[in-house]
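What follows is a set of structures to go through.
First chain A sits with chain B, and in the next complex the same chain sits with chain C.
Moving on, here comes the complex of A and B:
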């Protein structure tokens, strides 16, 4: 309770800070070296050509985006000091900060925006972010106009966090492959508040304050040392020892509970709405008994989500009822929660033509997803389904590539999965449900789910600039999917931020966690 | 002429009962045997006697031992730990035993051929054995299990494949020694075939050290399986002691009993097997008998 209150206060403080630029309570102090944890070695430090939260942490410090988001999901100026969306929604105009420069001193111009959009369109895995952008006009050095083929409300979120990193044309426009460009990891010339000092794979990414940063007095920190520590227990021990100030994306319930009790360390589950991670049970709707919607509903009724939340997740996770993250303003909580009801599950299975014979109705397999920490849930679901006569055989999958292959080719019955929203549904939600995206690799529509109305709703919502109408479209979409259960949603991944109490303005006040700039983070001593 | 009907006073004792006498005099070995028998009986009959189901969530997770009638408490999903230990015993012992059998079959075949034929065959087989000997065992078995799937037969095979070398070397050494003995020469002279010599004449006399080695093998196979399960390389549909440890380890700081209890079970079983193996060694090895 104390910690919740603390994190609430911290969130409020950050919100106030984001709005006004100065803290109401404590005056931020400049200087100091912040040591943060990185859960793995990033392939590259350039988020324009690489997705993922490991690239995001250093990437969002080295490269700036046009916008940032506050915790109320409102866009705030960043590299773009203001912006306009035309009446018909077909032009988005960005007015850039005038004295913004890259780390080599070159000014950040509208042509760099145009260049970055082109690179991201071509090389970033999230194709839907900028797909409708037909061209970028640059009437003057500080004005960029994104021309759209149709209204594209997802663009706003796609211009924030780590999703739209502005990269220098004079470095990356030299004709070399941007995905493997030598300057992605060395001598990085970025646009963000921190510049690269050293990147040692497997060890650390060291960044220091960029003195030419356009906003006076920012960033507060002199240095950020991102230590690469893949083992979660080692990270918590380093935090307890004071070797580490901050660790994000921590989702192990036992560690969350342990850190809540640790001295001098605060824990917060806020700030992950944009990342939007959801755990769910994916069901292959194209084969076996799972073809029948009644079987899938019965499975939903037979699983006691309350047990998973209390016993496995120890109360660290938010409930998730749909494919949209519960923190998102587009989330629809008014859907069937599938509370535990074994009678209903049995009735549905009888109705679907799978009578109970000798205590068993049918056999089915469930892949043991090779992410750490999903075994208890898998074991629980096997046991829960045995109560309604569904005999689940758990199959161990040796590693992520094998599992990804099974998923991509839809060679599975059921599996747990963890999928991120990445801000707007168009970016991270549609991919799971559009019939045009069936079996296009891991984290596509691996359930083989196909519903014409869902396709239509998602298409309409993708182009609807009126926020209320858009919300209604997504609400209907969530109702349909909830009713047809290609996926049974378990919980929002309990991602938490652990931070030392010495850290002022920890990155918990937005929606992107450390995939956003830490220019306002400071150290109290 | 005196009446010579007196029976001979010294009775010839069969080698088996002689060994049993030796074994019986070894208190540690006897204690090990008794414990081992209890464990085996528990593994066979326990599941019928104890009503608890190993996979059923029966109570609040991490209930300490003794709480609410759960003698050993419950694990991270609230499953009865005693039921898990009882059901796990079966799997653990079966893996131990069958891995030892795999070990003996491979080891004796290769060792016997190498020791019996000598020359180029021996050279080839022993280099082959050395090749397996220098492989890092845990790593190699992990690769096998990861490649071919974590099913019980595969785990057993993997353990067998990495631990047969010791048996092969012992068998070869015994064969080298015995094949030069006179009775083998005699057999050979009277025209016994190679196979008969190997398996009917030499092998029975080479058995004692092999038996000892394979008894100890059961123990090390159990430990090996525990190691693999601890790393998550295990069939999630069956329960073994190592698996209980492996899946509870992340909660070790808040409730250590879920890890210590199966750990103790493994410890006691392997210790009992080692004591029995040691006793067997004393009883069967004629050179040590005079000690």
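Moving on, here comes the complex of A and C:
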């Protein structure tokens, strides 16, 4: 009851914060040093050449994007004070803030937008974000026109969060390799609200407010110290004893529940829709009994998701029925939930030609994905499937590269996996289902799934600028995939933000968590 | 002349061993499935196949094994440990950044374990069946058996959360403003819990060994003679027996050095101590071959140098050792 009350109060408080940007009673105060946790050392601080949530936290403070998103998934002005999409959807015009400057005082010009797009196209891991951009026109210093080969609605989300960081051409255009550019980690000249003071790999990233930031009065904080603390228990103890103010992407159910009871700490599961992480059971549709859709459906019916949600995830996770994150406006909840039904599972397996003989139908292997915390679910699925005669052998995989190799070469039957949407389906969803992306490395279509209608729907939706029509296309896609079960979706990864009650306007009111600017975060004392 | 030849032979073996460590580990890492391109993709939340191929090409991972090995060894012979794939910086620079923190932690933990271990060992050897001796035995075995990360977390809960005496993580408070002494005390406060945690594993070894050797020494003829001459018990124990009982403990401490470094991996992870241990752990997870090999190179070098010095020191101290090959 106490949990529910606390969650309810947190939700109410969140809603109030979101409605006004900050709480109605509290006026933001300038100054102070916010100490946040980073779960690992970023490879580089420049998000134009490196994705991922560890780079995202410092990256989104150091570099600004053209847009930001509110909690309702609506684009808001950021470096672009306004924008237009042409009638035919082939040009997107950005009008830049006129007094925006890089941290060395140089103005941020439309040519920097063109340069950043070029670098991201070449070096960012998510090719689909800017693939249709054929050129960028710069009619004047504050106008950039992105010309597209075809309409590309995903561009809007791709221009927000950490995905389209605007980097200075006068620094990164010196002919050195942008991936390993010396200014990626030292003497960084960014475009965001905070500038780099010091990056010590393994220790911390220290940033301080950029006084020349274009928006008057922002950022509120004087400094952000991002401390690298890989151990989750140590992070929570540091929050409790006041060494840390904020920790994001916390997904361990026991810690989430423990922090809900902690004094002076608030917990929120909001603000991760853009990141869009989903846990699922991936099935290789190209070999053995799993080739048969009825077998895959039977597996879905034999697994009691409620058990996983209650016993393993301890009520911390949202259900996920499709490959689109439940927070996304494109999510379709009207699909088969595959509620536990052992009779139906047995009937489907009989029908598929796998009769029960001596309490067993067939053997199958399941890779134990080497992410922390996935063993209980794997063990549970083994037990659950044994009830319908499927004998699962769990294979331990020592580390991520070994597992990635099995995935990339489709040398597996089943595995749990955790995959992120990264905003628009074009960026993080399509890769799992397009038949043109089968076995192209880890987190490609490693299920070998192929359906011509799905390919067509994803192609059409990728180019459909009418949001309602687009939603309908994705709804149909989700229905088909849900029916054919190359993947059985378990839950949205229970990512949570732990924050001290001293933090005003914590980063829970958007869709990108700390992979978005913290210029409006403030400290109450 | 013999001495010089011995030194030359030892050095030759040392360099050969170092090269063998590198070749063997390079081969082992290469045999494991997957590579750093996959872990870079993981850190980025996935990557397009073209990007993965380019990462492999950039780092020469698409070359045949022997060419990769050859070019790596050629660089090492020029004293260049290469470039970290994962951290995007030269390996030597990366290691030198982290080495001081680990040396500080490891040295202090070893020192604490040695001093406390020997003191406890001697106390319990004097009255082997006394309550204190049993307590020391229990305490030492508890420290030895408990997983080091668990000990660390317990200490954190007790001394950082419940009684807020010590900080939870890191090596310094970056928000601290002050002079040298302020920073000195800050690092000292950060050191307390990691040092106690790391020393807890070795405390048992040293206290048990010093207890056993002390008991043996206390029963020997010369101690009996010293006692018969009327020397005080304190003088017999601390002036005569302890000196002889100490040498196996010090030899063990030398041998344990590599174990302390490996224990530091877990301790550093729990306390977010910015040392070589966390770097080693992260590079192994990331399959960052140049960094793993660089760390192995440094640790092998430390162990070899340690052994060489022990060897020479023993020859210098113990006349019986001289003249052996």
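The rule is simple: the second predicted complex is superposed on the first by the 502 of 525 C-alpha atoms of A that agree within 3 Å, B and C clash if a C-alpha of one lies under 4 Å from a C-alpha of the other, contacts with A are read in each partner's own complex, and residues count from 1 in each chain.
Throughout what follows, contacts are C-beta pairs under 8 Å (C-beta built on N, C-alpha and C of every residue); 3 or more make two chains touch, one makes a residue touch a chain.
Computed from a prediction, not measured in an experiment: that's the story for all the values here.
Engineer: Applying the touch criterion given at the start, work out whether A:330 contacts chain B, chain C, both or neither, answering first, second, both or neither.
Structural biologist: Neither: A:330 stays clear of chain B and chain C.
Engineer: Go through the superposed model and pick first if A:440 touches only chain B, second if only chain C, both, or neither.
Structural biologist: It touches chain C, and chain B stays clear.
Engineer: Answer with first, second, both or neither: which of chain B and chain C does A:349 touch in the superposed model?
Structural biologist: A:349: touches no partner chain.
Engineer: Who does A:376 touch here: chain B (first), chain C (second), both, or neither?
Structural biologist: first
Engineer: Chain A residues in contact: does chain B have more, or chain C?
Structural biologist: Answer, by number of touched residues of chain A: C.
Engineer: With the two complexes superposed on chain A, say which partner A:300 touches: chain B (first), chain C (second), both, or neither.
Structural biologist: The answer is neither, since A:300 touches no partner chain.
Engineer: Which partner does A:52 contact after superposing on A: first (chain B), second (chain C), both, neither?
Structural biologist: second
Engineer: For A:254, is the partner it touches chain B (first), chain C (second), both, or none of the two (neither)?
Structural biologist: It touches chain B, and chain C stays clear.
Engineer: Give one of first, second, both or neither to describe whether A:428 is in contact with chain B, with chain C, with both, or with none.
Structural biologist: Second partner only, chain C.
Engineer: If we overlay the two complexes on their shared chain A, which of chain B and chain C does A:390 touch? Say first, second, both or neither.
Structural biologist: Neither chain B nor chain C is touched by A:390.
Engineer: Check chain A for residues that touch chain B in one structure and chain C in the other, and list them.
Structural biologist: 398-399
Engineer: Touching chain C in the complex: which residues of chain A?
Structural biologist: Its residues touching chain C are 33, 35, 40-41, 43-44, 50-55, 123, 125-128, 179-180, 184-185, 200-204, 206, 223, 225, 227-231, 233-235, 237-238, 240-243, 398-406, 408, 419-420, 422, 428, 431, 440-444.
Engineer: Show which residues of chain C lie in contact with chain A when the two form their complex.
Structural biologist: 32-36, 38-52, 58, 86-89, 94, 97-98, 153, 156-157, 160-161, 164, 167-171, 174-175, 269-272, 274-275, 278-279, 282, 284-285, 287
Engineer: Show which residues of chain A lie in contact with chain B when the two form their complex.
Structural biologist: Touching chain B from chain A are residues 252, 254, 257-258, 307, 311-312, 368, 373, 375-376, 378-380, 382-383, 386, 393-396, 398-399.
Engineer: For a test of understanding, state which residues of chain B touch chain A in their complex under the given definition.
Structural biologist: 55-57, 60-61, 76-78, 146-147, 149-150, 232-237, 247, 250-251, 253-254
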